[in-house]
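Consider the two complexes below, in which chain A is the common component and chain B and chain C are the respective partners.
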Partner chain A sequence: MTQSFKTGGRIQGHSANLLLLAGFAIVAFVLPIALSGNRYLAFVAGVTMIHILWACGMNLLYGYTGLMPLMFAGIAGISAYTVVDLTANGWSFWLALPVGALAASITGTVLGLPSLRLKGFYFTLCSLVIQTVMTLGFIYFSGLTNGDTGFSQIPLPSLRGEPLSSLSYDLVLAAAAVLGVMVLIAIMRSTLGRRLIAIREDDELAAMLGINVTGYKMIAFFVGSLFAGVGGALYAPYIGFISPRSFDVLISMNIWLMVAFGGRGTIWGPVLGAALLAPLSFFLQEYYTIKDVLYGALIIAVIVLMPAGLLGSLGRTPRLPAAEIDAPVPRRSPK
Partner chain B sequence: MTEVLLEAKAVSKRFGGVVALKNIDLVQHRGETLGMIGPNGSGKTTFVNLISGHTRLSSGSIAFDHVSLAGKNPSQVAKAGLTRTYQAVRVFGELTVRENVATALVDARVRLGAEAVDELADWLRISHRYEARAGGLTLMEQRQLELLMRLVQQPKLMMLDEPVGGLSSSEVRTMIGLLSELKSRCTVFVIEHTMKVIRELADKVVVLMAGEKLAEGSPTDILADQRVIDRYLGTADA
Partner chain C sequence: MSNANLIILLSTISTGLILGAIFSLVAVGVTIVYGSIWMPNAANGQFFLLAALFGWTMTVSWGLHPAIAAVLVIGLSVPLSYALEFVLIRRFYDVPNRNISYFVLSLGITQILAGIFAFTYGQWSDQFQLPPLIGGITFIGPLPVANNRLLVLVLALAILAALFALLRYHRYGRAIRAVFQNRDAAALRGVNVKASYSLSFALGNAVIFAGGILFALAYSFDLTIAWTMSITAFAIMIIGGPGSVLGAFIVGMVFGFTQAAVSTVASPTIAAFSYLGAMLLILLFKPSGLFAR
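Presenting the complex of A and B:
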């Protein structure tokens, strides 16, 4: 009856992931072409791709590391504003994008530092405050952000002097989403993924096993914020308009909801969540009162009825404990 | 057996007004099994917490393998080759046994091959449970998994905080058997609040009473020590 440590395990799960990845890539790249006749639907698909990328980053932090950063949208905003400012000053978008994303990563890593001390619910509260301050910052530093008015008519990037066509940019967004999922899969297959899950499950035990909890939480924030930043950089020229409201706490909540609704801590749950919820907000745009009520109801439903989310609930066993926003533990001493 | 592995000098710990440990001196040699006993609340767990970096010393010093542990956090202590278990068993409950072990391997001081892991898992009689969710295991199995997760890291010293707590009497027998074999794999420090386990395992016993070291010696000496009998072994708690 004895088994071997080496065999079995996750190999099966991985080939399934690769198959799903191939399927997702095909859909992501075919969709813009198939929808190229209908600009509105193609646009909805493009925005969904950005949200899939964001959901992957939020999933890394919330789903896999157990940190709920409600300043996620603010971090994306750092990158979006950076890119818009730099391109307005003559930078190429393709050079501004990595710079903006890096700015977001560094900001996110610094703003994530409170998570080293504050656990669960307390960090979430703290991140809410950080998000609020960031939104105020976007309004206040109007020299860089144009304040409440924001920037409009942000042009699509160009390649070799030629402005990109909408279709080409749609394909860029598809590539970004596919790449985001690929990176997440790779991380979760690596030892980094193991460490993050260990930190989520019990950071004190993780430390006891030699895992540098502080360092890896910071790495999680760096990578997760990179997702936020790349998404923010791509978002600005696509929508053509950014303002402090583009990156406020409601956007953070929306991204969180996509992850939680789809299934945090699974690769595909948040992708599904984003694919369902991002278009929904477009189709409900005209009924915005209904939309807000629906979102509120959905948040409650997710928390109360299906804490593991769509895919998490369908999966073999519910893999995650019911409450991620854990009860305030006053620095538990190991007993 | 002459080389000093763990040395605590004048270790004290206060929690606000409560003095949990007062001036504890203690030496453990490599290969020597040290038992620590004392009634509940006498400071045994606090002592392990201080060494493993979970709690900061109020005063005193601790050296492990000739290196000071001052200011080291738990992951640095683990990297130095010192590991511990918890009085209340602690595993990653939502992960499988295999995933638990894989997590223990990620930042292990020495990276063990899969065959060596299997050998340890077979010895601990847990290898048939690799696919089980750790939270669904029995307490005994969780304790076995806990030992496996420590052992795959090839520690120099393993500190066990009441390893038989909560087990049935037959499981206690099995665990004592495992622990006496464990002694050939690494140096063992074991806390218990009864003499039963300590007597079978320990080469040297330290008795804690209300945060102070009451006595130290071989198990037979301790069992014969009149002060220990009067103040601890004679009481119902032991």
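Presenting the complex of A and C:
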């Protein structure tokens, strides 16, 4: 076995990707208009757009660079809290958004530093610890975060003094998701993308080929965290409520699941995963405990039955026996 | 030293001992499983809570004596462990880098159990309290301590001692340790590796269950202890050295005292920050832990 997952670009070809992108953009922009009569469904679609953006960021780190950070939601939370604090102090949302996203990116890059020393399980555990510390921090520094209660009634941003209508904010979210996918496609078409894949496959070999592994891992964290940050900044005013629970380890796991379920290391797998799983949690909100059981069962199913995810297993002959997640593929067979 | 200070000191020591012994039990359980089958069981806190909740059902709902309930709960862990091992754990024994698969798998189990607890026990009560094993109070100096908690401490230490003896001297324990050290060499010497894997999985979980039921007998608890316990047990295992039973014991005791001391002078959040910080430092600078085997 040479490679347990292939890059979407190589299988589908670039023109197919652009066609899919055009289709996705049309769906993303038409959906809020078509659903504008039903606020609830339009809202679910908007949240799904944010999750698509998050899934793209996680995919860059997990699918393409081979790192599995379980602190993704915490990074999004940093941006969300920054934006809420800044707008409460009179900043314009459109100025607070880049500041918050940048704060998240820098935090993510710093918190990604352990990935230079730790691999596989140890890095994932480390990121889980960081996520737990961040959740505790969101509760503990209540001056900035309002503690366990969180912030509620966060207003929608305004433009030229006029508050945005829900429909126009829905369109902003759609634009963010489409832009996210476009950026990811562009990255994966460039040398940057190919170098990230080289690092995922074998970082020692990549270093020997002259790839600056440290630098590229940091770039991956910066860009991935930027996705998290933009999503977090857009999330806060849309939901209107944030608390430490909105960005805890379960949310990180959910975003991971969207990527892994859809097919990591493919452009469209995580988009599909987010589009399928994000609405699910809303339709099951009445029975939120069942949602936990379902997500847990899906995690196990992904690990045991389809390590490559929905799209990853297309176009591939029989399923590999090994449910490897994060490690470079060994060149020698283990058995 | 004034009497009040002495009472604070003594109560910190006694709480530290009991918490330390229970932390050690759970961490030893986790480290046995990690050392043998390479499974970092993030669901350990949920297993811990499961044992405590089973104990609550048996004593409060069914009216069993707590001692009988404790034995039943620990006994129940064995078929549950073997069933889980048969359905899921066994599939990964030959996978390279399986620790990350197991880690995510156990996070999935965590989520399932947390969901189940929330719509069963979570709707019945907020706080759970088991009847004590024995009544009465003993005075240690000026500090009154419930006999029940002393008995829990003695039992926890006894289980730890028995575990050490089992791993060091008994045939099964030696087989488990041989597989810890070198799976292939142990197989060549006639150790049934797969059987030793399932045995250590069951043994580790039984120890975690014992920790859970003993904690429930000593203190009242709610559903949030599960995740706290998971993270604590992981911190202890990483700092002590993954797979090191002695390390898990020593660091577990230290953590118990830290928790008791810091909770007296500051808040439990500070305690959590401090050992998560310690764990990060160890992960970054000495990932093999302080007591690497």
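Heads up, the rule we're going with is that the second predicted complex is superposed on the first by the 302 of 335 C-alpha atoms of A that agree within 3 Å, B and C clash if a C-alpha of one lies under 4 Å from a C-alpha of the other, contacts with A are read in each partner's own complex, and residues count from 1 in each chain.
Please note the rule applied: contacts are C-beta pairs under 8 Å (C-beta built on N, C-alpha and C of every residue); 3 or more make two chains touch, one makes a residue touch a chain.
Computed from a prediction, not measured in an experiment: that's the story for all the values here.
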First, second, both or neither for A:132, with chain B first and chain C second: second
Winner by number of chain A residues touched, once chain B and chain C are compared: C
Which superposed partner A:90 touches (first chain B, second chain C, both, neither): neither
Partner chain in contact with A:191 - chain B first, chain C second, else both or neither: first
Which of chain B and chain C A:37 touches, first, second, both or neither: neither
First (chain B), second (chain C), both or neither touched by A:207: first
Contacts of A:303 with chain B and chain C, given as first, second, both or neither: second
Touched partner set for A:161, first chain B, second chain C, both or neither: neither
Intersection of chain A interface sets (partners chain B, chain C): 321, 334-335
Chain B-touching residues of chain A, taken from the complex the two chains share: 1-6, 8-9, 191, 194-195, 197-198, 201-202, 204-213, 317, 319-321, 333-335
Touch list for chain B against partner chain A, complex: 45, 49, 52, 54-55, 73-75, 78-79, 83-84, 86-88, 90-95, 98-99, 101-104, 106-109, 114, 117-118, 121-122, 127-128, 130-131, 133, 149, 153
In the complex with chain C, residue positions of chain A that touch it: 68, 114, 117-118, 120-122, 124-126, 128-130, 132-133, 136, 139-140, 249-250, 253, 256, 289-293, 295-300, 303-304, 321-327, 330, 334-335
Chain C residues within the chain A interface of the complex: 40, 42, 88, 91-92, 94-101, 103-105, 107-116, 118-119, 122, 227, 231, 234-235, 238, 269, 272-273, 276-277, 279-280, 283-284, 287
